[in-house]
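Chain lettering (A, B, C and D) follows the sequence in which the chains are written, and residue indices restart at 1 in each chain.
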Amino acid sequence: MPIPRRIVLGLLAGALALPVAARAAPLSEDALRTAPFETIVEAARGGTVNFFLWGGDDRINAYVSGPLAEALKAEYGITLNRVGVADTAEVVNQILSEQEAGVTDGGAVDLVWINGENFRTLKTGGLLLCGYAERLPNARFVDWSDPSIANDFGTPVDGCEVPWSKARFALAYDSARTAEPPKTMAAFLDWVRANPGRFTYAAPPDFNGSAFVRHVFMHAAGGAEALSGPFDQARFDAAAEKAYGLLDDLEPFLWREGRTYPTDIAQLNQLFANSEVDFTFNYEPTVFGAGVADGRFPETTRSFAFDDGTLANTSYVAVPFNAANKAAALVLANHLLSPAEQLRKADPAVWGMATALDLDRLTPAEAEAFRALPRHPAVIADEDLADRAMAELSADWLEAIEKGWIERVGR
Amino acid sequence: MSRIVLESLTKTYPGAPRPAVRGFDLDLPAGTLTTLVGPSGCGKSTVLRLIAGLAEPDAGRILIGGQPMAGIPPERRGAVLMGQDHRLFPHMSVAENVGFGLRMRGVDPAVIRSKVADMLDLVQLPGLESRRPSELSGGQAQRVALARALVVEPAVLLLDEPLSDLDPELRLDMRDLIRRAQHQTGITTLFVTHDREEAVAVADRTAVMLAGELARHGRPADVFERPLTRAVALFMGATNVLDGRFDGRSVTTSIGTLTLAAPPPPEATAVVIRPERIRLSAGSGTSGVNTFACSIKSLEYRGTHVVATVAAATDMLVVAVPAEAAAGHGVGDPVAVHLPPEALQPVSG
Amino acid sequence: MTAFGAALPRRAGALVRRAAARPQGFAARSALALLLVLLVAPFLPVVVWSVTRAWFYPAIVPQTLDLSAWTSVFSATSGVPAALGRSVLIALSATGLAMLFGVPAGRALALHRFPGRRLVEVLVLAPLVVPPLAVAMGLHAVFLKIGLAGTVPGVVLAHIIPTLPYVILVSASVFSAFDTGLEDQARSLGATPSQVLRHVTVPLLAPGLAVAALFAFLVSWSQYGLTLLVGSGRVPTMPLILMQFVTAGRQDVAGAIAVLTVLPGVLALVLSARILAAAAARERTTS
Amino acid sequence: MPASIRLALMLLPAVVVLGGLFLGGLVLAIIRTVGIVPFAGRFDPTLEPWTRALQEPDLLLSILVTLWVAAASTLIATALGVGAALLLHRAGGGRLVTLLVQFNLTVPHVVTAVGMAWLLGQSGVLARLAHGAGAIDRPGDFPALVNDPWFVADIVAYVAKEVPFVAVVALAMLAAVGSAPAITARCLGATPLQAFRHVTWPLIRPGILAAATVVFAFVLGTYEVPAVLGPSHPKALPVLAYQMFTSNDIADRPAAIVVSLLMAAVGVVCLVAVRRLMRGISGLEVVR
């Protein structure tokens, strides 16, 4: 026997050895909902929180791993472990998998940046910790009665997640190429027909491409009201007939005659940057400023929103039911809502993501600080967006529209 | 210097239809050189592997210096094997090869160096320490392998056809070298070969192994001259085997009735005679004992001698005749053959 | 032609042969050069992107030299240095374990006949031809349950699946050309089994085993799908981090990460090439 | 130690590891598609995942494009790999050339895919060169190679990645065969081409076919290359399987496993083929 057995066994044991995480004594779920916040802070001190979020932007990564983590360490002694993912669906999948495998405690995810159908999946599956959100000390800065806060793509939040940022849909163009972009959906569609091959959109279920399709849907249905409220098959069918017909008719005028679509928004961004197409869009217009800063977009990039309305949503953070470090996750969720941290995040030099706080609930100085934040010329002014904001459709509508697109337009 | 005793060794390889070695007994007195001879595949090498500890016997015992070897790993037996392929380690120099065994035993490097030099002197390759195996000729490599085996002063030296890959000239040199080295060191040696001439040339004792069993064991001349069994006789080159009915000191065979020099053992079933012991004379005179008239069927020139096949009565005999004596003969010539009684060996089996 | 060449004086013969070989040699060399360009071409834009930004169509040459991608990659918050270390750790561990399990098995398959050999062969070859996705999906639930999903040890274990067959195959062919008589010889000269391993088997087989280890390392290093599934996205190795930035459209950062992702493999290749060359040189000088 | 126990100890680790991880994973995957999850204690036999997967409208198309990509990549990579090996063997390519050919072995697939996208895209390096040469005006004039329904860039990426692998195997085979058979054939009057066609090729073929099979199976199961270079529709099988596996609808997951099992089934067919082809090469058949 060329290899002594004990070495083999030793290595096997080493390879199989599970990382044993040191954890503070966990608080019960009830305690997390009822105990004074100081108790939760005490329970969390010295611990770790695994924060899962999309990892494809080095500015976000630098912010979360840098100043945010440092602040959490300094104030609460909590170590923030940023876990970057390529798609938030992966996190949902992780939690679903854990539930399926019977992992009801000690799950991997402590806090996740989430919204929309990902939130709905977890909430309807009973996979989130609920009932703590409005009890967080900093929750007092949030207007919980605001429908765009209280509903996440039509799904009532019900204290199962904590708002973090607001986002509104905008389109970008290159002012060096396009002097005056068409500002209504009707004009935009005319422009596409008049400039064959110069526009395309990311194929749903891409988050942003799907949002564009919803804009077309609302236009075809004659306004957002036609699709508001709970899902209704008859109303959907009526709108779908027109909307998909319109998109089908548009195909010959799209990039590559609509035979294929960019699979994600990054591809569309690259097409735009290399002048293969003349527009891109994003649910988060600060991306255009950041994109110019990090060389993804030309310097002359500018952005706008449709006059006939632009979709708005809020993104949140949520704690899974089986999180290993719930107390630390709550402390982090609360810290994310502090005016100082929200201000830092809203600074374009750091990230530039719009605050989820209600400025009226802040001190005048704090509110002024938010209003005084600089704006990148590529980014549409917040007030221009706020004017035109429309509430998101419910997740059922969203899914039906995506599914219909894949079946009727995508193939 | 140890006595080696093999007691009814039996070994069957997994999946093999019959044992490679069966009920094998052999006694090697201390300090002797014994040759083990037999045709290819008769189990000779297996005997060596069993003694060396590279295979375990299914049954039987091996005693080296009185110590039973069961369960003792190869490196603790003091039995060094040297094969026909020199098996020098290609990644080591000559000195490293020769010193290998000592190094494994943790011997002081200075001591190793001097012993290696001594050994290279013994095998007549002084000063080759830093050569690589691939820079050696076949004869040199084999000498280095011998030095490597001897340097550890083994209790037993096991030689597995060490000469068979060498040119005829080198074979003789190497054979002498082995003989000399064995004398000088007094290491009990078992020398396996399939060459019967080699087997009787260098040995104190010769053992013949056939089909996994010991067929004959004794002084080389005895084994050569008095094979005792038909199989050993055939293997040792006694080509002419004449079945017969024994009656006192005479035996009736297909070529006629032969007179023996001594009374045969009761189990004898045939007599054998080596080709070179038969005498051939011209003409058809048949006077004298064991002399018969025949005719030459074929003549085959072999350089030092001529092999004649002669028809005698209903049988054929193979006769080796010195070349000059054969000069006058041609195929079809009538001749007389004489089978000296002392050259006729009764055999059993 | 052979006879003619032999009749000429030595030097002239060499000239004639070289002249005859030239057109062929030139064509061969050009074809090789073309192939090399084809093979290396996809890597060039990757390198260029890592040192520029805002390199838009139709610029053939980037307008600016910009090292900020590298700065950002090497910053403490990027997680890239950690991922590089993690990838190395995983690939080395998977290689080590695959060698540990695979080399003895390769030896057994090369040198022994035994009942059930066919089955073992099929088991060894199967992971080469069965895409790992199905297996990974099956393992995922178990790994989750026993806490291996999303951990480095879990990913290492999963990486053994694709690496082990390569190690077994390569070491089987190494052992089939190996004279085990040398081991017997060493035992017979007084070496214990571990001494035989250290002084004879390993030094003699080092070149072949280096190739096996290289294959294992590269196979593990290149894994994407297995790492993603079994690691639950929580064991970001270099390919995963790279994909995050690719999907985010950060070509500069992706370029820098891609360059970093290639380096250790090249290092491993050069290292094993040196082991092989050293072995070849030893053979040459001694023959 | 008895030889049989020794042998068992040599084989056992590998067999246990492969049996446990590979076969175990495969079995767990299979039973999960019929509703059995032993580790979660679930046992609800059902064929729903199979009907769900087979009703996936893109399944057949995905299988076809995946087979197309695998077949095309394998054919081209094998031809070029053997050609490169012959050239290297003949020209005795220096160590640097050999290293460069092997360079791609070290490049993870995801890197090659990304590089290929930036090289062959309509605004990629080649398109820019074409623009610089005045051959095209706008990016859209450059042929659509990336994200196109024929998977051209996918195939090119696989070819670039797998040529070195085939070449390494072919070089080893050529070295094992040596030049003697070809020289003998030449002496008997064969042209270089005939010598290759009738003597060298039959001798190296088993190894080449085995390498080609490994390449084919590999291409069949790789996710990251079509994920980067494939079109939005149709999707390569691994991409389809992975997207279904990570779908928000938990019922899609066993169906995703069904899709990847279909992929594995094609792989098993390859295994049967490779077992036949492997005969005579690799150490497996060289038994004392």
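In this section, a residue touches a chain if its C-beta (ideal position, glycine included) is under 8 Å from a C-beta of that chain, and two chains touch if they have at least 3 such contacts.
Here the structure is a predicted model, which means the values were calculated and not measured.
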{"item": "Set of chains adjacent to subunit C and to subunit D", "value": "A, B"}
{"item": "Third chains touching both subunit D and subunit B", "value": "C"}
{"item": "Remotest chain, subunit A as reference, centres from CA atoms", "value": "B"}
{"item": "Chain whose Cα centroid lies nearest the overall Cα centroid", "value": "C"}
{"item": "Chain pair with the greatest number of C-beta contact pairs", "value": "C-D"}
{"item": "Distance from subunit C to subunit A - Cα centre to Cα centre, in angstrom", "value": "39"}
{"item": "Separation of mean Cα positions, subunit D and subunit A [Å, integer]", "value": "36"}
{"item": "Distance from the mean Cα position of subunit C to that of subunit B, given in whole angstrom", "value": "53"}
{"item": "Subunit A and subunit B, separation of their C-alpha mean positions in angstrom", "value": "89"}
{"item": "Residues of subunit D engaged with two or more neighbouring chains", "value": "4, 9-10, 13, 37, 39-40, 123, 139, 245, 253"}
{"item": "Shared interface positions of subunit C, touching two or more other chains", "value": "56-57, 97, 100-101, 104, 107, 113, 141-142, 145, 157, 193, 243, 246, 251"}
{"item": "Sequence positions of subunit B contacting 2 or more other chains", "value": "none"}
{"item": "Contact pairs between chains, per stated definition", "value": "A-C, A-D, B-C, B-D, C-D"}
{"item": "Interfacial residue positions of subunit D with respect to subunit B in the complex", "value": "2-4"}
{"item": "Residues of subunit B touching subunit D in the complex", "value": "14, 56"}
{"item": "Subunit D - residues contacting subunit A, complex", "value": "1, 6, 9-10, 13, 37, 39-41, 57-58, 121-123, 138-140, 144, 147-149, 230-234, 245-250, 253"}
{"item": "Residue numbers on subunit C that touch subunit B, as the complex places them", "value": "113, 179, 181-182, 184-193, 195, 199-200, 203-204, 282-283, 285-287"}
{"item": "Subunit A residues within the subunit C interface of the complex", "value": "1-4, 7-8, 11, 15-19, 50, 55-58, 61-62, 64-66, 69, 82-87, 90-91, 93-94, 97-98, 100-103, 106, 108, 264-267, 269-270, 273-276, 294-296, 298-299"}
